[in-house]
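Shared between the two complexes below is chain A, which has chain B as its partner in the first and chain C in the second.
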Partner chain A sequence: MAVSDSTLSEGAGGGLSLRQRRILTHAGIFLTLIALWEIGSRAGWLDPLFYPRPSNILRSFWLIYVQNGNVWYHLYATMILVFAGFAAGSILGVGLGALVGFNPLVRRFIKPYVIVLEATPRIAVAPLLIAALGFGAPSKVAIIMLVCFFAPFINTLSGVVNVDEDRLELFRSLGASKWQTLRKLVLPDAVPVIMAGERLALTAALSGALVAEFIQRNEGIGSLILVYTRNLNMASAFACIFTLTILGFLIFRGMEWVDHHVAFWKHEPGLERVGRRRRRKMKEALDE
Partner chain B sequence: MNMQAAEARVGSDEIVVSGRNVGKTFAGGSVVALEGANFEIPKGSFISLVGPSGCGKSTLLRLISGLIEPSSGDVTVHGTKVTGPRQDIGMMFQKATLLDWRTAIENVLLPTEMTRKVTKADQKHASDLLKLVGLKDFRFAFPSQLSGGMQQRVALARLLQTGADLLLLDEPFGALDEFTRERLNVELMRIVGEVGATTIFVTHNIAEAIYLADHVYVMTPRPGRIASVVDVPFERPRPLSLQTSLEFNQLVAQVREILGEDH
Partner chain C sequence: MTKFNTLLVSTAIAVTSVPAIGLAQDMTTVNMINPLPRSTNFYPLVVGEALGYFEEEGVIVNLLPSDTSIPYVAFVQNGQADLAMLDPVETVNALNAGAPINTVYEVMQNAPEGIGVPAGSDVDSIEDLVGTTVGLVSDRDRSFLQAALNTVGASIDDVETVVLGESGPTLAAAMRDGNVSAISGAAPDWISLIVNGIEVDLITPPELLTSPANTFAANADTLEEKRDAMEGFLRAWSKGMYVAAVNPEAVAEMLRQAVPEEWENEDAGQLYLDMSIGMNLSTTERLGDVQPDVWNSIQPQFLESGAIEEIVPAEDFLNDIYIEAANDFDRAEVEAEAAAWMEENQ
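Take a look at the complex of A and B:
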C-alpha cells in the first residue's frame, strides 16, 4: 500500500507537481469557506449586518477603490503616518539603545526606568500626548513613536552589550581605537538583533497608527473604518480591514527583504551572492 | 650533530623578547597566575609553552602581547618595554574570532584597516597570504561557509597580515580534530620559517610542543612558573615520523618528568 502510494497519486495528479497540487488544495479550501460564508449569509444563518456577504465586500472594494476612489487618500495618510512614526521611533530607539549600551554608568541608572516603561502599556499614554500636543499630525506621530520605540531600543541595547569577549580581545590586540571597535565590531555585530527589533516596531507602528486615527478621526484607514461602522456599512468596513491585512503582509515581506540584505550573513542563501559581488569589487587589485 | 643544525637555524644572537622577574597576580593578589619568569628569546626561534591547565601559559602570552600588565617585573620586545598592544606583536587565539559579515580576505585585511587606508597592494598581499595558508579558492567565502580548520587558516593569514615579526599563538588549533591539527602544525612550521618570525606557541600537548619548537618552556602550576627550558635539537624540516623516533620520545619523557605528577 505505502509503496504503491506515490505512483498512484502521481497518476491521479495528472502530471502536476507537488507544489501545484498544494496550491490547488489551498485554493479549493479557501473558495469553499468563502462559498459557505456567502450561502450562510444568504440563508440567514449569519446576521448580514455584522457579517456582510463576501460578494458585498467585493463590491465595496470596487466602490472604495474604483468607483468612489475615496480610500486612496486615507490609505496614503495612514502609510505616511506609519512610516513617519516608525522612522522617528526607531531612530530614537536605536540611538538611545546604542548610547545607553556604550555607557556602563548610564546603563545602571537607566535600568529601573526601562523596567517601568516595559511594564506600562504604552498606548495608555496616548490621550496624554494628545492633550500635550493637540490634535493633528505631531501627536499622531508621537503616539506611534511611543509604541514602536521600545523594541529597537531594547534590542540595540542588548546587541551592543552582548559583544563576544574574544572578539573584543582581538580588537584590543590589534590596537583598535574605541571608535574602530564600535564601527567595525560592535555595530555590525548588533545589526541582526536590531533588525529583529525593527520588524516588531513596524508591526507595532501600524497598530499605533490605527489607534491614533481612532482617537482623532479626521483621516486615515482607522477613521474610515469608524465612519463605515457607524453608518452600519459593514461591507466597506471589512474591505478596509482586508486592506490593512494586505498592507500588513506587504510590510512584513518588505522588512524580511531588508533584513535579508542588511543582515545577509544570517541567511545562508544570500552569502553566495554577496561573496560574488565582493569578489568583483576586489578583482582589479588582484588582477585576475 | 643535530644540535649544530638547530643552532645554525636559530643562528642570530639578537634577543627579540626578554622578561625579567615577570609576575602576575589576580583578585587583589590572592591568585598568583605567574611568578618570577625570566626568559630571553632569540630572533627567529620557535618556542613552545607547555604545561597543565592553569599554570599561567595564557597569562604569560597576554603579558608579552601587552593585553595585560605585569604585577611585577617587565617584558621587553625589540628593546622597548611592553606597555600595551603593539604593531610588532601579533596574537592568535584558540577561537578563530572572524567577523561573520566579512569575507575571508576582508577578515585578513582587518589589521591593516586599523592603521591606514587599505590599498590595492594590501589587498594583493592579503590574497597572497590566503594562498600561502591554502585558501586560494575560499578568499571570498564567508566564515559560516568555512570549516573550523579553514577558519583558523584565515585567522593565521590575518595574524601574518599584521606584519608583526613576533607571533603569539594561544592553543591556536586546540579546538580542532587530531588530523586537522597535525596538518596545520606542519604548515605553521613551514610558514613561520618562510616569513622568519619569532614564534611563541602555547599548547598542553607535550609531543606537539617538542615537534614544533626549538626550545620548550615547561611550566608548572600553583604558583605558575617556568620550571625548565628543554632544547630541541632536531633539524628542519621535520618529518612527522620524527615523533616515533627514540630521541624524540626521550625528550617527551624528560618533559613529563619535569611536569611530575601533574601530567
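Take a look at the complex of A and C:
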C-alpha cells in the first residue's frame, strides 16, 4: 500500500499534517537564518559592502517591484530569453540526440564533436556568437541554446540507446515496423530520461540568460544586477539575485509538474490519475 | 469565429502591420555601441528620448551596450554598429590596425578617466605608484595608467597591475582594505565609493584631464550613406547635452524616470549627474566639435607610454562632417521644451 503524506497525518499530534509540519520547519529555519543575518549585519559582524541587511533587501524588493517598478521590464526580457533559448536548445538537443541514438554511423561522427562543444566554456564562445550573429535576441538565444542543449541531447541519446533488449526482441519477433517500435517502445522508455534532461536544461537556461545579459547589457535582470553592483547598491542587487533564485525554484518545480504529466506512468499518482480517467471513459463507452 | 481564431487573426494583423507603420513614419535605426546601458553617465541620450528629439529626427536609437573581448571598432567595420564610443587610445590603435574610421563627434571633452587613491593614503602623486600594485577597473584603463605613469618618466612595467572588474564591492574592498595603492578607473567608479563613505583622492596628471573620451567613431567609407540619420542623431544628442546647461533639474527628473536604478539613493544620483554634466558638456564653441590640437598633443604621451604604436595625425581621422548640422537647432526652443516638460512632470 502506498504511504502518502495524508495517511501519515492520521493520528499525528497538534492537528497538523506532515506536509504542514515540514513547511513550518522550513519556514522556521529560513526565518532563523534571516534573523541571524540581520543581527550579524547590525552588530557589524558582516561586511556591509558584501552583505546588506535583510531589512534593506526587503525595502529594495518594495522599491524595484512596487515603488519604481523598474524590475518588471527586465524580468520580462529575461524570461522571454530563457524560454526561447530553452525551446531552441531542447529542440536541437532532443532532435540531434534521437538522430544520433537511432543511427550508429551518425553517432560515430557527431558524438565526439558534441562532447568537445560541451567541454568548451560557453562564456568564451559568447563574444564570437555576438560577432557572428549580431547584437540582440538572436545571439542571446544562441548563447542560451548552447548552455542548455547538452542535457536534453545526452539524455535523449541515452534513453534511445538503452532500450530494453528483451522487449526490443519481442517487438522484432512480433513483426513491428520501425515506426511502431519507436512509438510504442523507444519513446515511452526514453521520455522519463528526456524529461530529466529538460528539467536540467530549463534551470541552466536561466544561467545562460544571465551570461548573455552580462555581455549584452541593454536589458534583463543580469544587466540590472550589473548596474546595482556597479553603484554599490547591494540591497537591490540582492533583491534581483533572490528574484532569480525564486524563479529558478519555480521553474524547477514547474518542470517537475510537466514531467509528472508527460511521463505519468513513471509516477504513482500520475498513473492512478490516468488510470482513473481511462476507466471512466471505458465505463462511459460501455454504458452507451 | 472562435475566440482562438479571432486571436490568431488579430495577432497576424498586428504583426504584419508593424513594418508598415515603421515604413510610414520613415524612421531610420542608428546602432550605437557603448559600454553602458541607458545611464546618467550619458544623459544626453536619455534627455533626447524624453523630449522626443530622436523621434523628431526620424531616428530610432538601437543601443548596443556590451562588454565583449572583441574591440568595438570591429562592429563598426562589419556594419553592426553605425557609431562606436571609443577612447583616444582605442581610436588610434584601430587606425594603426588599418580600420577605416573617422572620429565625428566628441561626446566628452574632459576625460572621465582618473587615478584614485584612498583619502589620506601615503600615495599622493603618480611617482608614489612605482613599485606598488595598481587596480584597473577594466583592461581598457591600462592605457590611461600607462599614459599617467609616462608623465613622471615611469612605465607600466614599474607597477604591478590587477584587473578588479566593475563590481562596486570589489573596488570598494580593494580601496578600503589597501589591497591596491590606487585604482585606474572612471568617474562613475568613484561616485559609488564616495556615496558609501569611502573617500577618494584623485591624483590624475592635469595634462590628461583635457583628453577627449567616449568619442563617436564611424566607418569613413559610409559617412554619406546614412548622413541624414547621423546628423539627426547627433543633433538630438547635442540638444540633450544642452538641456543640462540650462535646466539640470529637468535632466535629473528625466533620469529619475528613465533609470530609477541609478537614483534609488537620491544623493548618489545627483552626484552622478553633477559629475556627468561636467564631463558631457562640451568646452568647444560647437557642441561635440572635434579638436585636432588636443588629439595631436595627447598622442606623444600615449606613444611614449607604449599605449599606441604610432602617432596618427589628427587631421587624417577627425572629421567634422556632421558637426554643423549637430549644432543647427534653436537654443531658446529647446529651453522652452525642457521647461514645459518639467512643468508637466513635476
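Just so it is clear, the second predicted complex is superposed on the first by the 247 of 288 C-alpha atoms of A that agree within 3 Å, B and C clash if a C-alpha of one lies under 4 Å from a C-alpha of the other, contacts with A are read in each partner's own complex, and residues count from 1 in each chain.
Here, a contact is a pair of C-beta atoms (placed from the backbone, for glycine too) under 8 Å apart; a residue touches a chain by one contact, two chains touch by 3 or more.
Predicted model only: the values in this text are computed from it and were never measured.
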TODO: Considering only the touch criterion stated at the top, classify A:Tyr228 as touching first (chain B), second (chain C), both, or neither.
DONE: second
Open item on the list: Is A:Asn103 touching anything from chain B or chain C once the two structures are fitted on A? First, second, both or neither.
Closed with: neither
Open item on the list: Just checking: does A:Gln20 make contact with chain B only, chain C only, both, or neither of them? Give me first, second, both or neither.
Closed with: neither
Task: Which superposed partner A:Arg276 touches (first chain B, second chain C, both, neither) - done: first
- [ ] Applying the touch criterion given at the start, work out whether A:Arg172 contacts chain B, chain C, both or neither, answering first, second, both or neither.
- [x] first
- [ ] Please work out whether A:Ala131 is in contact with chain B alone, chain C alone, both, or neither, and reply first, second, both or neither.
- [x] second
Open item on the list: Which partner chains sit in contact with A:Lys184 here, chain B, chain C, both or neither? Use first/second/both/neither.
Closed with: first
Task: Of chain A, residues touching chain C in the complex - done: 47, 49-50, 60, 63-64, 68, 70, 126-128, 130-131, 134-135, 214-219, 223-224, 226-234, 236
Open item on the list: Show me the residue ranges of chain A that touch chain B in the complex, using the header's touch definition.
Closed with: 164, 166-167, 169-170, 172-177, 180, 184-185, 188-189, 191, 264-265, 268, 271, 274-276, 278-279, 282, 284-286
Task: Of chain C, residues touching chain A in the complex - done: 31, 33, 36-37, 39, 62-70, 74-75, 78, 80-81, 166-169, 172-173, 176, 188-189, 191-193, 195-196, 259-262, 264-265, 268
TODO: Would you mind writing out the residues of chain B in touch with chain A in their complex?
DONE: 65, 67, 84-87, 89-91, 93, 95, 97, 99-101, 103, 105-106, 110-111, 113-115, 120, 123-124, 127, 139-142, 144-145, 162
